[in-house]
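Each in structure tokens, the structures are laid out below.
Both complexes shown next keep chain A, but they swap its partner, so chain B is in the first and chain C is in the second.
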Partner chain A sequence: MAISSQRSSDGSRSYSLYLIPGTIGFILIVLIPQLANLGLSFTAWKGVGTPRPVGLQNYHRLLTDDQFWGSMYHTLLFIVSMTVIPVCIGLVLAALLFDYVRDQFGEWVSSFFRAGFYLPQILPVTVAGVLWGWILNPVGVINITLKAIGLDNLAQNWIGDATYALAAVSLVIVWIQVGYCLVVFMAGLSRIDPSLYEAAELDGANWWSRLVTITIPLLAPEIFVVVLTTLIAALKVFAPIFVITAGGPDNATLVPSYLTYYHFFTTQRVGYAAAIAVVQTTLTIALAVIFLRFQSQQESKE
Partner chain B sequence: MKRIARLALALGTAMLMTSVGHAEQKTFKIWWFEEPTTAQGIVWKKALEEFKTKHPDINVSFEQKTFQQLQASGGMILNSDQAPDVLEYNKGNATAGLVASQGLLTNLDDYVKKEGWDKILNEGDFVLSRYDEKGIYGSGPVWGVSVFGEYVSCFYNIDMFEKAGLKPPTTLEEWVADMEAFKQKGLTPLALGAIDTSGQHLLASLAYTKADDAWVQNYQGLKAPLDGAPYLYAAQTLLDWVKKGYINKDSTGMKDPDAALLFTSGKAPMYVSGTWNLGTFASTIKDFEWGQFVIPTPKYSVGSTGNLWVVPKGSKNPDLAAEWISLTLSPKYQAELGNAGGVPIAADLSVITNPIGKNAAAVFKQISDKNGLGFYPDWPVPGYYDVLNQKDTGLFQGSLTAEQFVEQIKQVYDDTQENQ
Partner chain C sequence: MAYSVLSDGTTKAKATVAADRARRDPMRWVVLAILILLLAFTLFPFFLALLNAVKASAEYAVGGPLSIPRSIDLTAIEKFWTVSDFSRKLLNSVVISLAVSVLGVLISLFNAYAIGVGKVPGSRVILVVFLLGIMVPQESIIYPLYYMAKASGLYDTQLSVIIIFAVLQSAFGTYLLSTVLSTFPKEILEAAEMDGSTHWKTLWFVIVPVLRPTLMVLGTFFFIWTWNEFLIPLVMLVSNNNQTVSVAMGLTRGQNMSDPVLQASAAFLGIIPTVIFFLIFQRTLTRGIAAGAVK
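Right, the complex of A and B next:
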């Protein structure tokens, strides 16, 4: 017994060596800046000079800042467009490509569509954002097309009118996100035993029942991962907003990350920006922890 | 073995000599963020070559930066040992004023006399060079020098005006009449990008039609709570223009380049923006004649002396930095700036042959001579640029009334004014 415990502790010691580079990286790139940010959130600082301690003043200000609460509300809506909708569309598309298109039209056609849906993920967000800015602006492709086919009434000021701006930006985000969900789900589907589908088909199960009874339950691990990663992405969404609407019109698409950026670089309220970032990070970590707990509970039940 | 040893010795000596050589050669670093295609970018590049030829013993190193880079992290760079010897920096309380008040720049007062800059520039040209200990412009030592000017005007399509039998306006009433005439022909007269700067520039230009000296000084100097009357007039006028179809309501979905495209492609007869468009318009507009008229105000125009050459506190070569500034301010490069289509601050107009640069330099001189530079509307308050853009779009899209608009921008202004 003594020998085996020695071995196992030697083993874990040698394995722990592998963790050193990652740990150093984490401490330098994540932990120290986060602690510095936390420290700054209790100060008033213009970005140069010496920060002046102000206690909880920045957090107090947060509570009454309409811009901040507006941005938090928009985050909830972005969770829908970055997580809920892409995951649902991704699931249906993955099952369709894997289970139907591949069988009917062959592997090549299925791969072609998969690559096509994944393309927006490869494109830098800024490039995609500028392109969509052109497409969605009042003299952009969408309105030109609608007017050309006589649907003038449907032409809108997509990104310049508060009624549509959030939906328009969400559309771009869904377009970007679907590919990520689809590729992960298709990879997951390839490990499901095909005989399950064959048996279900022989029993007369249609495509929808196969999706609900086989695909979704067996893809649960992938769904968890995708939901968690897209949820985190939704909580810190910045680039599409920055490029397409700059938080406008009249703050209709403002999100916490953009508000942080705004205060950090333009109003010189670095301490206040740090406080927003602290709240945002805390929320993200809390959600991630809850989610991972839930996932491990589910796994232990199985 | 002997041969290898000899080779190693030779290599070693060579390396040692090179490193000694490098150590002896002084390095002089210059940064600017003007794009290479702009008048400043073109002319300063030429000046840089001359500077290098004059100083063969110095390693002159130039780095192209972006406006955003310096806007976002200029203070941190100036606070580090990575700062260059001389760099272009954005003027204003929140930028040059802030870093000057934090002791990050070299006081240039002695050089003003020594290099004779006070003979070339008038006191008005130095207004944005001076910052007090709080970082407020207008008084205190000279912390930077501008060698060019800029102003907002209305670009217009001369062909469309002539075809419609119209003349560029000299009063606000004439301007409205011109717009009405185009509207009657089924055209939207004024292209506007309300997401970007042109919305707030038009708004401020209209506010300046109702502004006197005291208002401008109080507003830009954060000297009193905001007197909203000129802005209320401007907002009401803009709403009226949107209602009458002089400006498209959908401008809220357009950025400056989208609106500029409507003008450069001949779809809109007018576009309000700054002289920074001159170079691009000169090279892209081929199908029609174009010109610019100053927005008819009693005195003030949106505009300012250009960005500043500043010398960081840590510069090891302030004398060379001053020499560089003098070079770009010399008659030769001032004339070159005008000939490249830019707005020189102190050029002899008779030697400028490019009609675009000649006109721009003349207009700038006219505004500057009557002390009519009203500056930009976002200057007094850090972050006001975004506030004005956001609230402009609210006004244009109808979610804010003119009164609400003024109330909301006043709130942010007064907050800063009170807490300065």
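Right, the complex of A and C next:
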């Protein structure tokens, strides 16, 4: 007993050597920068010289900053285009491809659709931005086409007009996100016993009621995972905004990440930018903790 | 599906249902048409970029974006390639992504070996801290990293980006691999130890060969994620010579790009590498992503 326990502690000591590179990396790249950022958020600093401590002043200013609150409000709207709509579309598509198309047209057709819908998801967001920017700009594909078919009065400045810019960016985000939801849901569906569907069909349940009574309840774990991961992603959304609208026009598409970037590198109000980042980080960690708790619960159930 | 047992009544009924399902539903063409429309909407931007990238500017001016090009004209693609020094950007992206995927997999493997096999005390806590570390927004570390890179002379070097992403992505890798390694058969490890194998040898000659497919999937993920990264390379790699494809794309909007055919060419060139990865890794990717998200 005594020998074996001594042995195992020896063993784990030599195993812990393998944690050294990862831990040093983590401390340098994540931990120190996080703490530094937290520290900076209590200072006023232009990026040169010594940061001047100002206590909670940056956070006070956040409370009355319209740009900040506007960006938080836009985050709520982007949750709709990043989480709500893609999850709904993804659920219907996944159930359709799994429970109908596969039976009617075969596995191959179903996989083909899945792959096609997934393609925007692995495209670099900046490329998606160039692509859609080119389609949506005032002399872009949409407006040229509308004019060509005589619908001139429907042509709008989609990304330059504050009324439409938010909707235009949301459309691009939905386009990107549907594939992620679809693929995760279809993977989840593959563990559902097909005889459940057959039994339901025997009872005369149509496709829609099978979706509501079987598919959605059984996919609960996947739905939870997708909702939380996309919520976290929505809080951090940056590249599509940077590429398509740069937060404009008139701050109509401003998000916290872009505001932070802008203050860090353009206005050089480093302390203030750090404070915005801290607020955003706190929200993300809260969601991430829920996510990790849920996953460990799932694991202990299995 | 239900062919195996046909002896009792319920399975027979089930088999009939299965046959019914297999019997073609007249509605199926409507459903297929709707799905094709949706897919067409999804893929239309890709198609448009291809259509216009190979069009002569003069033809675009006359026929607009939807006309089918009468001949393949690669002038605009060549022009964007030269103007943006695209070969350089491609090379940068490949070097950075490849280095990150090798280094990231290595760090993940070491971490996971200590956590999953070595059961180092506190491994649960270590995992959670690593994971939380990468879930937070990158802007909250970008300024200190930028400052540190400047102070250490690593600013505007590809090495800075490689180190940062290798560490950030190894958190997910550690999580995935330690789950896999915690179920690694004890007998094999014990047998290796009996033969006098050291931890180091066991890792390389016993574990790595078995884990090779998983390590490849992980490496592929790291490669594509790094390829697509934007904020950190945007801040760290200011000089044109060091930029990645993703950053170059993100900056085209600000440049003078009034020629729509040139824009289509830019988008087209940005899409090509992704489509190539996609064709190569389609199965691995779609499966692996599901595994990564849920497991």
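Remarks
Heads up, the rule we're going with is that the second predicted complex is superposed on the first by the 257 of 302 C-alpha atoms of A that agree within 3 Å, B and C clash if a C-alpha of one lies under 4 Å from a C-alpha of the other, contacts with A are read in each partner's own complex, and residues count from 1 in each chain.
Keep this in mind: a residue touches a chain if its C-beta (ideal position, glycine included) is under 8 Å from a C-beta of that chain, and two chains touch if they have at least 3 such contacts.
Computed from a predicted structure; not experimentally measured.
Once the two complexes are laid over each other on the shared chain, residue contacts for A:141 go to chain C alone; chain B is not touched.
In the superposition on chain A, A:217 makes contact with neither chain B nor chain C.
In the overlay built on the shared chain, the residue A:53 is in contact with neither chain B nor chain C. When both complexes are overlaid on chain A, the residue A:133 reaches chain B and chain C alike.
Once the two structures are overlaid, the count of chain A residues touched is higher for C than for its counterpart among chain B and chain C. By the touch criterion defined above, A:106 reaches neither chain B nor chain C. Look at A:159: by the touch rule set out above, it reaches chain B but stays clear of chain C.
Touch criterion met: A:265 reaches chain B and chain C at once. Residues 47, 133-134, 139, 246, 265 of chain A are contacted both by chain B in one complex and by chain C in the other. Contacts from chain A toward chain B in the complex involve residues 46-49, 133-134, 136-139, 157-162, 245-251, 262-263, 265-269. Considering their complex, residues 1-2, 13-14, 17-18, 20-22, 24-25, 28, 31-32, 35, 38-39, 42-43, 45-46, 48-49, 64-66, 106-108, 110-111, 113-115, 117-121, 126, 128-145, 147-148, 163-164, 166-168, 170-171, 174, 199, 203, 224, 227-228, 230-231, 235, 245-247, 249-250, 252-253, 260, 263-264, 266-267, 270-271, 274-275, 277-278, 282, 285-287, 289-291, 293-294 of chain C touch chain A. Those residues of chain A that touch chain C in the complex are listed here as 11-12, 14-19, 21-23, 25-26, 28-34, 36-37, 40, 47, 93, 96-97, 100-101, 103-105, 113-120, 122-127, 129-135, 139-141, 144-145, 148, 175, 178, 180, 183-184, 186-188, 194-195, 198-199, 201-202, 221-222, 225-226, 229, 232, 235-236, 238-239, 242-244, 246, 257, 260-261, 264-265, 270, 273-274, 277-278, 280-281, 284-285, 288-289, 291-292. The part of chain B that touches chain A in the complex is made up of residues 71-72, 75-76, 78-79, 94, 98-99, 102, 104, 194-195, 248-255, 258, 262, 382-383, 385-386, 389-391, 393-394, 396-397, 399-400.
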